[in-house]
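What follows is subunit A paired twice: with subunit B in the first complex and subunit C in the second.
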Partner chain A sequence: MMASAVEAPENALEVRGLSTVYGTARGQIVAVRDVSFRIEPGEAVGIVGESGCGKTAIALALLGLLPRNGRIASGQILLRGTELVGATSKVLRDLRGRRIAMVFQDSMTSLDPVMPIGRQIAEGIITHLGVSKDDARRRAIELLEEVGVPDPVKRLASYPHQLSGGLRQRVAIAVALAADPDVLVADEPTTALDVTIQAQILDLLERERRRRGMALILITHDLGVVASVTDRVLVMYAGRVVELGTTAEIFADPRHPYTLGLLNSMPRVESVLDRELPTIPGSPPSGYDERQGCPFIPRCSFAIDTCRRVDPPLEPAAGGGEAHQAACLVDTRTRRSAR
Partner chain B sequence: MSSDRTDQTPLVQVDDLAIRFDVSARNWGLRSRVFRAVDGISFEVAKGESLALVGESGSGKTTTGRAILGLYRPASGSVRFDGEEVSKLSGPALRHFRRRAQMIFQDPYASLNPRMKVGAIIAEPLRAHGFGSASARRERVTEMLRLVGLPPDAANRFPYAFSGGQRQRIGIARALALSPDFVVADEPVSALDVSVQAQILNLLAQLREELSLTMVFIAHNLAVVRHVASRVAVMYLGELVEIGTRDDVFARPAHPYTRALLRAVPPPDPAAGWSGAEVSLRGDIPSPIDPPPGCRFHTRCPEAIDICKTVVPQVQTFPSGRKVACHLASPEKYDADPTDTGPPRRP
Partner chain C sequence: MTRYIAGRLGWAVLVVFAITIITFGVAFLSPVDPARLYAGLRATHAEYEIARRQLGLDHPIVVQYWLYLKRLLHGNLGTSYSTGEPVLRLVLSRLPATLELAAAGLLVEVVIGLPLGVLAALKWQGPADRIVLTGSLLGVVVPQFVLGFVLLYLFAYKIPLFPLGATDSLPALVLPALALGLPGAAWYARMVRSSVLNVLGEDFVRNSRAKGLSEWSVVTRHVMRNSVGPAVTMIGLDFGIFLGGVLVVEQVFGWPGIGQQAWNAITANDIPVVLGTVIVAATAVVIFNLVADIVNALLDPRIKYS
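Now for the complex of A and B:
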């Protein structure tokens, strides 16, 4: 074990002031801007936002998997106290899988299409735990059973394309859990699945988190998923965290106009609303349009003059819970300046 | 409901429709296999009505929608549009049908030609059907852009210049350019960002009202369906398991699959205490090539009894008009109390 693990034993993961940038033909995009959060062992944190908000860029940065044109511009990522930013690829390779692992949206591309699934699971076990092939095979069978793949012994020889989407995602989860990581990052793990299969996968992630005391970072655009399986939530917009708090607070007392708008515009199964749905006008920004002031202004119905000049930092929400923060100059309850 | 201006004549009549695809790999010496995408379904869509087809992937909802538009030839059964059998239409009658029945696609990125300007995209159906002169078409394009909330100069730009929501508006403008009476919308918001979905749902509702459109709305998201449909048809493995008014189906789901679908959607409310474990639907949807005997849902049904494994459930019609294919469903259990006028509505 790393000696530095004693530095911050209470956090499974801590991110401080993380910014990532991507170089593109049209110039540089700041995908993630000064994001900080921490997650305790066994805790489930949701990162919610729309396409282009930076939620996947965070996940990739955490695992040292940013694409060639992307890089971490500043900030720290502490995995049980071990700094990942600037770590050599050898160190990252060792930590990835063993201490932090990831489940992707599309299991068809995240699994190797030409390797039997048994070997894909065993590979991680052998690499990280240094056990024999036979032990790894036994462990792979146990894992498949654990994640609810029927007939695990027979399935070891299956290729990903022979499985349904739901089973494939179970296998991808087994691969991620193979070396018993402290932190699991799941990026839209159920978005490509049917609702009844989504419910099964969410249940599986929840059970594994509790059983292993593993921290879970769940990245999703679906507020229903966030509400149902996370303890705390980060709401992201234009690369920034615009609101942060316990899941209960964020849903009962949203303070950022974007969070408020998202919650209001969501059609609900249980509602009897026959009128128009409330909407957020416009679309999420592309990442290229840099503007002065708050990035949400073009879509905001609460904006005051100051919002055009100041990009508001995250600050405690007035009258909110201890850890409830919002990046807004306006108190959405009174429509008056909050600061 | 004020938005339900329906009358008695059905615009679309689907009668015992079956669509099959031959997926046998003959050259490989394998036995012949038939994919039963839609297997004997019947329903009607009244004029002015909006019917939602819901179900998981593989349920046959998209195939049904396309079959109504005449894009697939029925293996048996029929689709009638305004009394005429769609698969028998030819010549001018077929052209006329195609003017009247249009489609809105799921993916606003794949369904617009990236090399055509928006004006040309919207004008294409007009050109294909010989609508007016070039200037009349240009005028119509401007009118359509206004209708869907885009500026007139959008006509001169290419699709890449637009966001997903704006592209879906362009797709809607194209579908409505010929003033159809009937539109099949196949998952029109599922590729869009959450904050943009509500805009498109509202636009569709408004256009349906303004243009007296009859609509079949294909969706997997029941929350979305709640906002657009007056009636809901639930499909499973090529069959219709339940069909009824939106309020009946949502408030008193009579088929165990409908109940499972409703429960499977995690509500945006942490206090609701939703848990994936309680959805209780095990396993995957079976293969339509070799569907289970008896009730097709019995392999996943939490309530299945012995009879479900062997006997195909007949479609029952409740006094309310709702139809359900389940051995365990009965109007006493699931139909509305006639004295109950339902939950109070907002004015």
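Now for the complex of A and C:
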């Protein structure tokens, strides 16, 4: 048997043991704690969790755009093998937009209000592809057409406030796609939009991913959003990955109590209308208090004594798929201790 | 855009109208009796009455105001009590000197204040930021006449870099322009610093970094354009105010501008000249405020829609 006969596919992105911290007036917050995952080219991965769980901190760390008070405390970020942690700002600038790009939550604030959208798209093209202004303009028209903005030639001169929310988000996606990135990070790309528009934007992201063979990281608080689009899901809680698996596994066979709670609190078509939607009681820890044991304990109905002492590591889910992992000491299927 | 400008213009006209009411009110309430002055101190009662009628002072106040407004519209700002010359001609004769000083002062404000403000914001909480903050505080609190005398003492008397007492050469313009512009530059630096800091926190700045733009491009293409609004408004106001004459600086440097003339008129109780200067100054402020509004609307396409 030749072990090297099948070469492992090169990862589009690999994150190893990433931790980020924010300095605040009240002390240091660990926003992301020892997070590892990898994404193959063309794969779509969802990162799901409540606000404050560290999703956005991961996204910003990937682009080297953590705010002034934030920094990467440890870990590696490998973009097609290139180490981003500790890379010079020149290296990072060259990678941003061209190899890894980002779509932000609110297109009203993420587009420059006083610059026509055509120029905002062309900027990235000119910076990375070194083409002439005319070529960049032509490329911007193509991109607008591709992302479904009607009448693109006329739209080039429009300002963000002249467009609807849905159109603006399409423009923001065109901006991100301008230099044909390998990895697209979309941070809550549909949260600010109407439900009908949400589906259109998700379709667009999905279509572009397939067309370009681009890896997609979809960050959201809404499991329903990842259900239709992603291959795999990372569930985050208090800066940690608490469950990780294929989207099908996460939905059909959730293991972590937090994932269970998220799924139960999703409205379903067949659910009885007059019954109240279940919620997860309590709120996530603030990040300041360093308690021993599992961070989910205060909100967990499965907790056993050991949970108070041990912060459970991410381990293969008993009897689950090969890549299905959860960070829980309890086998939530049987309510018995898993190990 | 046309509608926006028309709207602003309408307001400007209203403000100037309100100013004429105030200046008329002041003239009406002033203890100086124009008819007495016009007829002469030794005039008989009959002569005095004729003067009153000639000046229209026998009409009801509303009619008097109407006549006053009509005269203003014809460019007649009244006649100086002391020299008998038309006020408009007096003011216009001083305008070139004031214009020169105003432009130079504004240049100092903009050329020193704006870059320092941007620098401080970009080096937020760094040494450069602290120096700009402390220095600008000094610039804001030191009274203009003190600054003027200090500049004269240091750079015209102790170290004679610039002429003392001259007003007719380019070097002579430097110290008055600094005295006029430095306090403003300090304000501008602080204001621009805070507006740039605000804009730096905006999502679109992060987004333009995410595109891979260099920090220079981010600042020049996205940050600056989005943070100049308040500065443009200030520049407009300041230029208007400077054109109305800057009493203190003109007085300290013996600068033969509108402000010096107004000061002389105040001490001589020459009310027509004082009020004429007020009207010219106020109109200048209104006009340049309007210009600033239009410039801002051109810079920020959102303005004309709100």
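Everything below uses one rule, namely that the second predicted complex is superposed on the first by the 324 of 339 C-alpha atoms of A that agree within 3 Å, B and C clash if a C-alpha of one lies under 4 Å from a C-alpha of the other, contacts with A are read in each partner's own complex, and residues count from 1 in each chain.
As a convention for this text, contacts are C-beta pairs under 8 Å (C-beta built on N, C-alpha and C of every residue); 3 or more make two chains touch, one makes a residue touch a chain.
All of these numbers come straight from a predicted model, not from anything done at the bench.
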- Task: Check whether A:A136 is in contact with subunit B, with subunit C, with both or with neither, and answer first, second, both or neither.
- Result: neither
- Task: Using the touch definition from the top, say if A:L263 reaches subunit B (first), subunit C (second), both or neither.
- Result: first
- Identify the partner contact of A:H221: answer first if only subunit B is touched, second if only subunit C is, both if each is, neither if none is. first
- Of subunit B and subunit C, which one touches more of subunit A's residues? B
- Kindly classify A:R93 by the partners it touches after superposition: subunit B alone (first), subunit C alone (second), both, or neither? second
- When the two structures are overlaid on chain A, which partner does A:L144 contact: first (subunit B), second (subunit C), both, or neither? neither
- Message: By the touch definition at the top of the document, which applies to A:L79: first (subunit B), second (subunit C), both, or neither?
- Response: neither
- Identify the partner contact of A:I201: answer first if only subunit B is touched, second if only subunit C is, both if each is, neither if none is. first
- Task: Name the contact category of A:A178: first (subunit B only), second (subunit C only), both, or neither.
- Result: second
- Task: Examine A:V242 and indicate which partner it touches, taking first as subunit B and second as subunit C; both and neither are also allowed.
- Result: neither
- Do subunit B and subunit C land on any of the same subunit A residues, and which? none
- Where on subunit A does subunit C make contact in their complex? 63, 65, 68, 89, 93-98, 101-102, 104, 106, 109-115, 123-124, 127-128, 159, 161, 172, 175-176, 178-179
- Note on the structure: Within their complex, subunit A touches subunit B through residues 50-51, 150, 164, 166-167, 194-204, 206-207, 221-229, 247-248, 251-252, 261-263, 265-281, 283-284, 299
- Listed in rising order, subunit C residues that touch subunit A in their complex are 124, 202-204, 206-215, 217, 221-222, 225-226, 299-302, 305
- Note which residues of subunit B are touching subunit A in the complex, please. 1-3, 56-57, 163-166, 193-199, 201-202, 205-206, 220-224, 226-227, 250, 260-272, 274-277, 279, 281-285, 300, 343-346
